[in-house]
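Note that chain A is present in both complexes that follow, paired respectively with chain B and with chain C.
Then we have the complex of A and B:
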């Protein structure tokens, strides 16, 4: 082994040990697969569609869309550190009036793949374009803040007055209220530039003009998308993308179990590939038997918080004491087994709403108990609430497409220990969403869900799940929790510009909400991915629980 | 002529009923297809805009009539520069895939057709040949093996056989490629080579029916008087089997082949999934998962159309194979 390789092994080993502790998780690719520049990286995707239209995309800043499009700001995520907002096309923004007005300055000399300069007007056009009804479906946290309730996009000849571009390098956003997380919002897909006047066609996603390291070379619907180098991308002006491979090929519609077998076999082009979907517990069990494949499984340190949502507007769960009983009645250990076979693969037991890897998160446990729970304590709380014989006929509604049956059965069995009798009701995905997210008067008592923030801020953890405005009508407040005090605290924290100060406020809100017990946090769900032996720098940072596509390369 | 017109009218009626039922079923299920285009967070304003743009803000019966109208006159969604035009015959527009449904079906059909034609040729040739031989060698080891094999073929799920095939032939022995489809026009040899395993798996599952059917029909036919007469007249055994018996056996085989081939063209859902083939079956499954009503409706109608056409072709072929069935 060469000294360089030895050093790399030591460094990677130390990094892994520091990041993963007792769980023996492997956060990055091994040194043998240290990536070089060049080659063709392959991504095996279950999905038959890939959306490269920024307005329609909900892609995280570090995955697929980021290969083709840059955004106003970007994410720096690394193992062992909370994710940070960093400059991408522009700087990370400045505000002089307490978060109501934000100004960003673009770097010099930025170009689209067609050679035309990227200006602030193109960023503005991209944001305005996301308001057009023809380009719906993407992340839209900016829409309400930019006051665009009646705005239907730039193609009708109107501009959004809240965005100003005094010169080609400067863009100013005037928000409807102070918002400290605006630099994070500027990292969402709609803040990718679209050349002014372009992108009216519905299939823009198939030939979108690139600003990132790659451009779309071919887009074969349902089969394959081939990305080739963007000749006008300058790596020295991009701190979030390594742009290592010469080509990236997405193979679409791949069966997950076959992908797992292919990557385990590690032959031919599959050595240069990784699977875009999580490896399932069954696949992970198979991979454990194959030493080579096992060494190429990368498991996140943390992930989305899985929780039982308690319908706070329906008796008897409208009583806080009853809801608190559920915190002790659940068996997190059984839930871990049902999720992934082992606690190490499933993820740590969760006691907070803010997920790990988010700045300002505080670890606490308002309802301390063993991982198996404390049914006696739950019974005592129920008795105090006037239910000495427990609870009967509660309905736990499930989303069929999330394969939650085993997990729900584990919850059902755990609750039964505290004399809480639950009936499972499984619904198709759309019926489930209609019941939980749209219905005015849903009939469920409990449901299972999980949440990973769309951007690395506690705001994105808390507000969508617990603000009164997010109940029904498509919102994600499925515990239907409404507390004016919490709403006010959320508004205050959202308007705080200083991240450290905001972090403290969010941590306090986390505790305040859990005092009311609208949900029972279960685990921070780990995700596992497998890659070929020639894929390097394949790591999953503390947030999000996905590999950073922008840093992956291949070794020759 | 009258028969043809009646038949055509019946086909159109069946397709109308299929379209109507699909629409009604979709609307009975509590779901909102506009959620797809609403974005995240989905505000009531965004949801209303998405519904309006996609045409889901109208009552269901009006949407159904608009859909039928679009087949003859085409449709336009939205207004201005971002309006989406779906030219006649418009069988809907998939907002999920940003494509006219007919174009989507046209993109996927060659894959499904490639899969179905190869598998059908294999299962008919192999199934009939094994069935005939098993009947002629009744109660021999060959007969027993053929019957046992057909029982396994009928009962083993395609998913299991497919995955086993991939595991053994694709990964262990590494004799067939896995997971890549090549279009016939790009490279006919790679096209065929890439489809060998799916063809065999599908032929194994479907061919089993043909072995059993051919064997039982053959045994029945070989005991008929006209076979005895042919043999008594000194007709060579090869002619007795090939010309006299097999022709009778082929009638039910043609019926089954026509209907199964028609259904398969509508999408071999599981086989396509296992072998990652971008065909119509996959399109249908994605449409169901994604609340993509236009694609779902288009695929269902297309599958219905294929089955209806296959039935008509089978009926017509009776006249060719059996003079007694010809219309006078």
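Then we have the complex of A and C:
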């Protein structure tokens, strides 16, 4: 895809009425000025660390990690086009036995930043490295499928037998069961190459050897990371990265509201910068009042599904009638306002588990009601379930670092209308994870969460949240939903190679799960970002709801 | 056995209110906000809103800010509304006064009672008891109690009533300053003849504390209490500001101020109103306390 195609459209929120007319597909205003090669792009980030170790990373294929590392496959990520697997280091994979064995062929003449050629053995080494306990924490969709339950990484001298590299250009994965989404899995961070035998040191993330357009020039912990051009990257062999700026500088540990104000003021170096975190409701309200800043806010069309998870293993929420009452008790309209001030900036009300923009998604609503909910119907359902006086003392746990108090208060107030009394309990990030993701016997009744699939397949929407295997032990099935019938359906859908056929199966599973009401979908959360006036080609495609860092450039 | 000082407390209050305009203004402020706290339900019923109900119609549909100017102040919403929720700010501030007064006054009672007992024990018993108490008080005065309270707020189970926790914790950390003053006062009192006489007649330490010492301590204790209330109210607000105070949806000035900081550029009224309420109460108690001290403490009177 040529970068020219991409630069035209900049979404200025869902507010089609944006003053500069940014929806008319022409470069307009500062926001969509054509970027050139060269210049220094700045990224203002709230986080204090930046991880460039692919084994430890959960990064999407189009953000930070993608600037430095290529992966076996990449994502087509452009406005108005569906997310699709496209070749990156290798092709998009072939299977001859219905999805159990997958073979990828690498392009010719690929080189690391140190000048050594990139071979299939380096990709294999990178995947093996992700099994080492010292390099945990990254996306691990591949681990079970490669039969690595007992494998402890390559540093103990053992290879992973399920990956074969018959020649330097070919890599074959032998999976434990048929898996149609394997080409997507090959786009996750662990499939970035690491030179065979290297990367044993724990601080590899600070000087990782690059395969992408940039290499790490300086890494100052908590302050700044500077990326400079990788002289051995060949743009003609990379269809997912434009590599426009000469330098990319990440400024770490920035306060989000200060970032928002700096970018709104648009002076000095900030003209060449964008903010990596979402603009908060207060910041959005402030940006609305500033015409120049407003034209530089980019809002995604859709995004992660925000939901209330109901702990299905704890009374009284182990009763499906009680859980269904919650579907009517919530007030999606109040939640939208609490999230972003207006429904247009917050995102559409959600009634399905599969997010918008995912192949096979079907729109349905098993519990139709008004946007404000239907407390009377909720009360009636509770009465049927034997709780005519409502529910008392339910505990709603929140993760402090997610800043959800306003949203949780909106849920609390909405549930109170149906006589469901909820106490908010805010936990530090670690304590929250222990309670929701690790604990065997958690005490929470409800929690507020949102889920953005790690790759654009309904599989990544559903399996991590609703498979029995994902309860506790670090999994994300925080509604603790366990249904053998659904588990079987998930496995069937996963083994389907044809995307259209798999999509239909996933849509059916979506409905089946919501009949049991383990979660209450709230909205498909739109994310808003702001950038400086000299940042060009800053867009958010249909999936994921993040800007594509790989295509951004500086305009003169 | 009553002494002249004790009898003069009500008289001192009367005289200070008559003489000192600032003290009078402070008293009026405290009384008015106190009445507001007591009659919060009546006042919000008159206005017609409660502090819990969301109202999207009171918001600007384009931004989530209060509809209308000055934070949505109108005949309908006297102090405007909260952005993003449309909850009535008057109801929130009025019910927040209740939270602040309840916690501030109750914590003061706890800390003064503790300080009085511990300080009197140290001063009267002397010896090792005095040394241990003085050291402990020094440790507590240097203790990073805010950090401790934040930690405690995070680990105490949600079922434990938050207001009670705050009263106990804020009250507990307030005793050393009171104890020091009471100890110094008792040290001079215990060598006075009326105390010696009671001791010779066989009165127990508890009897002496109650009948001989206490009546002479009311003056300084009252000053201490009045001056420490605003600190306690401020501490409650600070803890709520930091997210470990009273839990939502119970209104709290500190939490409102914390939430309003993000909005100050676009909706300053949201910060201004709870901020002014907190300011008025702390100022009121301070002005009253200063006046009382001038009236009751001979040293500061001579300075005038």
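Rule of thumb we're sticking to: the second predicted complex is superposed on the first by the 523 of 556 C-alpha atoms of A that agree within 3 Å, B and C clash if a C-alpha of one lies under 4 Å from a C-alpha of the other, contacts with A are read in each partner's own complex, and residues count from 1 in each chain.
We adopt the following convention: contacts are C-beta pairs under 8 Å (C-beta built on N, C-alpha and C of every residue); 3 or more make two chains touch, one makes a residue touch a chain.
Treat the numbers as computed from the prediction; the structure is a model and nothing was measured.
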item	value
Partners on chain A (chain B, chain C) - clash or fit	fit
For chain A as apex, the angle formed with chain B and chain C - C-alpha centres, to the nearest 10 degrees	40
Partner chain in contact with A:257 - chain B first, chain C second, else both or neither	both
Which superposed partner A:58 touches (first chain B, second chain C, both, neither)	first
Broader residue contact with chain A after superposition on the shared chain, chain B or chain C	B
Contacts of A:313 with chain B and chain C, given as first, second, both or neither	neither
Which of chain B and chain C A:149 touches, first, second, both or neither	first
Partner chain in contact with A:288 - chain B first, chain C second, else both or neither	second
Which superposed partner A:101 touches (first chain B, second chain C, both, neither)	neither
Touched partner set for A:428, first chain B, second chain C, both or neither	both
Shortest span in Å between Cα atoms of chain B and of chain C, once chain A is used as the common reference	7
Residues on chain A lying within both footprints (that of chain B and that of chain C)	257, 428, 431
Residue numbers on chain B that touch chain A, as the complex places them	29-32, 35-47, 49-50, 52-53, 77-78, 80-84, 96-99, 104, 107-108, 163, 166-167, 170-171, 174, 178-181, 273-278, 282-283, 286, 289, 291
Interface residues, chain A side, partner chain C - complex	257, 280-286, 288-289, 331, 333-334, 337-338, 340-342, 393, 395, 400, 405-406, 408-410, 412-414, 416, 423-428, 431
Of chain C, residues touching chain A in the complex	52-54, 56, 59, 61-65, 83-86, 154, 158-159, 243, 247-249, 259, 262-263, 265-267
Chain B contact footprint on chain A (complex, rising order)	44, 48-49, 58, 132-141, 143-144, 149, 152-153, 155-156, 200, 202-203, 205-206, 221-223, 251-255, 257-259, 261-262, 265, 267, 401, 428-431, 433-435, 437-438, 454, 464, 470, 473-476
